[in-house]
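Chains: A, B, C, D and E, in written order; residue numbering restarts at 1 for each.
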Amino acid sequence: AKDDRPTVRLALDAPLPAKVPSGTVLRVGDKELQKAIEFSGQAEKLSFDVSWANISGGPETLEAFRADALDIGSVADIPPIHAAWTGQPTKIVAAKFRQDPINHPIYQLGVAPGAGVASLADLRGRKIAYSPGQAQGALVLRVLHQAGLTKGDVKLVELASTGDVYPTALASRQVDVAPIGGINVKRYLAKYARDGGTTISHGLRDDPGHLYVRAQTLEDPAKAAAIREYVQAWARAWVWIEQNPDEWIDRYYVKNQGLSREDGQWLVDNAGVPDIPASWSDVIARHQQTIDLLAKETGNRSLNAADLYDRRYESVGATAFGRA
Amino acid sequence: MPFGSALGPLLLLAVWSLGSLTGVLDERTLSAPWTVVTTSGDLIASGRLQESLLVSTQRAGLGLALGVLIGTVLALTAGLSRWGEAVIDGPVQIKRAIPALALLPLLILWLGIDEQMKIVTITLGVFVPVYIHTHNGLRTIDQRYVELAEALRLGPGRFVRRVVLPGALPGFLLGLRFAVVSAWLSLVVVEQINSTSGIGYMMELARQYGQTDIIIVGLVLYGILGLLSDGAVRLVQRRALSWRRTLAD
Amino acid sequence: MPFGSALGPLLLLAVWSLGSLTGVLDERTLSAPWTVVTTSGDLIASGRLQESLLVSTQRAGLGLALGVLIGTVLALTAGLSRWGEAVIDGPVQIKRAIPALALLPLLILWLGIDEQMKIVTITLGVFVPVYIHTHNGLRTIDQRYVELAEALRLGPGRFVRRVVLPGALPGFLLGLRFAVVSAWLSLVVVEQINSTSGIGYMMELARQYGQTDIIIVGLVLYGILGLLSDGAVRLVQRRALSWRRTLAD
Amino acid sequence: MATHPGGLTLDDSTGLDPVVRVRGLSRRFGGRTVLDDLDLEIGGNEFVALLGRSGSGKSTLLRALAGLDPDVAGDGRVEVPENSSVIFQDARLLPWQRVLANVVLGLSGPGAVQRGLERLAEVGLAGRERAWPNQLSGGEQQRVALARSLVSEPRLLLADEPFGALDALTRIRMHGLLRELCRRHRPAVLLVTHDVDEAVALADRVLVLDAGRITVDTAIELPGPRQHRHPRFLEYRERLLAALGVTTDEGTIP
Amino acid sequence: MATHPGGLTLDDSTGLDPVVRVRGLSRRFGGRTVLDDLDLEIGGNEFVALLGRSGSGKSTLLRALAGLDPDVAGDGRVEVPENSSVIFQDARLLPWQRVLANVVLGLSGPGAVQRGLERLAEVGLAGRERAWPNQLSGGEQQRVALARSLVSEPRLLLADEPFGALDALTRIRMHGLLRELCRRHRPAVLLVTHDVDEAVALADRVLVLDAGRITVDTAIELPGPRQHRHPRFLEYRERLLAALGVTTDEGTIP
């Protein structure tokens, strides 16, 4: 791998430099916010160049990190844990949530037609799609934990959640329950509600959205400063989305992603209101719970959740979010 | 045979249409042909289809060209020299046995996530069938013609041009039939990574959003592209191998 | 040539070892050979490797057997009858052009997620190269032998057994070389679905967890399996085609 | 009808009960007319030799009789018996079958192997049953092809230079074999040869093909065993050579 | 040294300046000894004909001289000139090259095509330059192979039955062609043939191969143009036929 560590190293507890040296380039994989940052005009204001990559998901961002092809990845709360477990230290530099997360979940539990699952208690003895390593897999473990069940009480069907595999597995009744997210919830119901397909809420918070970077990236003062500025733009873009839903739907979901207007509207309606908390203490505490559960279920060593965060950035996003 | 080679695909289309009409094939999982037509119409109207196709064609074309070149050169080297054979053949067999999906992380590692990596991945997929078929074609050239070349004391250049290349041509062309299809198929894998265009990206996006109709458009597109590319190579085959008199004639 | 075909793989191993030793290859992204050995040791000690291999071998073997059978029968049908050709060839070309990954949802839908689906998917991957190569081999049998059969008024059965099958055998065996590797490769795709065993599953899991060392063990395993299967077919090739006198001899 | 060997009785091509009937046969290859409205009849057990320059269309005629080349441009009516046997100009052994398997290729049922072995022994290849065709010398391959055509009992034997690659002695033995077959099964034979002596020695009737037509059609009438030095033999020989364009002067080295 | 044609002067195989020297040549195929400690010398422009039964090893000897079959079991020392040319027993045209390209295969430089066209015309195939080999008759293929070997100017010509598929007239013309070549470039020639007349008519020396050894090695001494009916010609003929196992009785049809 290319080893272009800076000659001047920034200590991980040194104050963040404010000025971004000219010529700095930040490589960012965050296809959704990329567009929001562009549409909202934040992109022009950045004092450095951004090289956008369409990379998302835990394994992919991690691979890109290892290849030194990416500086910032946008993921949920599981990938930083796996990164740590596989010897790639990363730091979360921004955390975004949803207001009223229980009623605005990313995932729903899809229930196959005729499976007769109406509440979490009904999960006992059911076939549940499970993808170890992915956010959906962790969610299933948390849901079981919440329902007071163990892995032995249900039948976990190992199935990678790529594309529309989960809705398909549900529709063909290969599994009774599978976590499905985003527009697939709407699609699943639209297609299979008439056969008896339903969804139920899992009743947990599944809303974390993090920007994470390699720890070694933060040792580069230029990148550290650029990341700070990027997080600000990122926070303001969230505000812009919240304030310009129609333009967002039209320019992003319809024109860029090829969805219909209704799909875009549904997505915006269900996304809830973004929340970028000023304090990460609760965030870290919740993350710790997830880590503990995963560590137990997968047999990995436990981690200190606080180590996954770079709290120098704690206020950066929130401040920009509030002032936008 | 009135329709000839079109008969099979037409039959397939008929079965599909019938299945969709009668409801045996669920529209929710396998869109009807007419849905595919209207969806394609929409995609074309919005410019997405042509654009994706153009980008993908460039990628596939470049990868194909490189792969064919590399495969042929390696096959000649391995087929004509014992050292070449010893050094090249094993690694190619290993390469071919390793799943592309699993190799991708390493390629990303070495080549990054940009266009370069995509072209190299396509090239790696393409060169294997070209290599194996050309190599096989070359190694199975009738000994009698090799003897003739020896008896005529043909120089190495002329031996390659007059005996080896034409003798290996049927093998090469069969390899090319696999290579063209492989180039298209590689798009599915490479365009999942850091792409914002191309038919592989279009399908991946549609899969994430559960847009069955677009997925099926993609599948049909792949089918058509495959048929056309394969047909083109077969045409070349018929032309270039017109000297053969075989069971097929 | 002292090491012969082992030279290439050994060279590869040497480069890999050297790269790991000097640190040119980052241990975090491409584990060193000795790490692979120790990791394999761990996997064997825990029984995971043998178990995975056993399950996968059964799947691949069954799929291979079915695919070879189907591919051969289809190739004979298409190669020997105009109607067969018209009906079969197009759909096979289409099938081959459609990415397996994109086909998977449809297969899940129609065949479920159990063993049956996995075997069918492997079979679908295997039958294509067998079909194409056998078909090609058969269609390119020298017209002179077909004339001989006509002149001797061989019955269709005898014609197939004495002229067509042996004449297409070189093609079939080349197809088999692709088929065996394809059977192993299909595991990567099918064992992502409802599996808790098999080398494809092992690799997929390792990939999701980012366990580089296990991924590399998997890749090495694939490489070895590919080399061995390919070598086995080549051995059969040498035996079965001993009547040929070619450049390779 | 002609009885053979020795050409004791004879009839011309308009005789009774012909097994081969060809009317108005034409064959064109890309504009070049190779056979031009050709008529031919061969009697039930007649032995006909066909001479002609290289490229005059002998093989084309034989292939037409064998029902090959249906796609070649041309027309005409060809009637031949169902049970006929062809010796191609090249030995045309299946390279992937051993010698014995090649010989019994068209044969089935029990006793096939036995008959194959016998024929192989007759052509002087006993012990070579398990050789591959490409391990045989040119003449050996030709003899295997001969054995293959003799192993069945055809009503018509179409032989395209079956002795071309054989030395004098072997050739004489093969002549004997062919004559023996004719004595036993009385097939009609159309033998393409370049050897005028061979034609005169073996045939009841000799044809010369030239410019797409049969220009000479002569019955060979020689009393008793055919002696090469018999004056009538030499006369036939001279006449046929002349028809082929060879004057006796040319038969010498100037 | 022999001058040719007409066999005016002669020397035996121990003469001066031989271009081919073979000592103790053996060849075995799976236990069967085909060539057995064979010695042979051919003079600078000597024309040698090689006779022998089918399967006696003529092609094997020729191939050994051409440096082919290096893997075959056996030993011996073979010296041949660098610049030699082979006509194989089969025509061995590259099926994927047109006729003209086949003829000029071993030739390079300007004028190659012109020379190829001339040779093709000489073998009577003017106008067929662009045909594919499989569109030619058997004899035409053989003539292309002949043209190919004559287009270069070899010091040694190894010809394995180059006239086997030719009719009498064409054969005579090809003899003339070969003689013309000999006159012009004075190569040494080793000609395998089954036609004893051809051997006697063309060669300075005739060899008979039998049981792996050269059993007959006779110089042909005939005055002036070689007449087939010359008594010495007939005498040589008889003698060689006898060596091949053919008695004059057998040369007839009983």
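To be clear about the criterion, a contact is a pair of C-beta atoms (placed from the backbone, for glycine too) under 8 Å apart; a residue touches a chain by one contact, two chains touch by 3 or more.
The shown structure was predicted, so the numbers you read here are calculated from the model rather than taken from an experiment.
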Co-neighbours of subunit D and subunit C - touch as defined: none
Intersection of the contact lists for subunit A and subunit C: B
Angle of rotation relating subunit B to subunit C [CA atoms, steps of 5 degrees]: 180
Remotest chain, subunit E as reference, centres from CA atoms: A
A-B or B-E, whichever has more C-beta pairs in contact: A-B
Where subunit A and subunit D are represented by their mean Cα positions, the distance between them in whole Å: 86
Rounded Å distance between subunit A and subunit B, as computed from the means of their C-alpha atoms: 36
Whole-Å gap between the CA centroids of subunit C and subunit E: 51
Sites on subunit B at which at least two other chains make contact: 29, 105, 109, 144, 167, 207, 215, 244-245
Where subunit A touches two or more other chains at once, by residue number: 1, 66-67, 162-164, 168, 171
Where subunit E touches two or more other chains, by residue: 90
Complete list of chain pairs which touch one another: A-B, A-C, B-C, B-E, C-D, D-E
In the complex, subunit C residues that touch subunit D: 144-145, 147-148, 150-154, 158, 162-163, 166-167, 169, 241-245
Subunit B partner contacts - residues on subunit C that touch it in the complex: 1, 3-9, 11-12, 26, 29-30, 79, 82-83, 85-91, 93-94, 96-99, 101-103, 105-106, 109, 129, 132-133, 136, 138-144, 146, 164, 167, 170, 174, 177-178, 181, 184-185, 188-189, 203, 207, 215, 218-219, 222-223, 225-227, 229-230, 244-249
In the complex, subunit E residues that touch subunit D: 5-6, 29, 51-56, 58-60, 89-90, 124, 135-140, 142-143, 160-161, 164-172, 175, 179, 194, 196, 201-202, 225-229, 241, 244-246, 250-254
For the subunit B and subunit A complex, residues of the former touching the latter: 28-29, 43, 46, 48, 104-105, 108-110, 112-114, 193-196, 202, 204-212, 214-215
Residues of subunit A that touch subunit B when the two form their complex: 1, 29, 31, 53-55, 60, 63-64, 66-67, 69-70, 162-164, 167-168, 171, 182-184, 187-188, 191-192, 257-259, 263
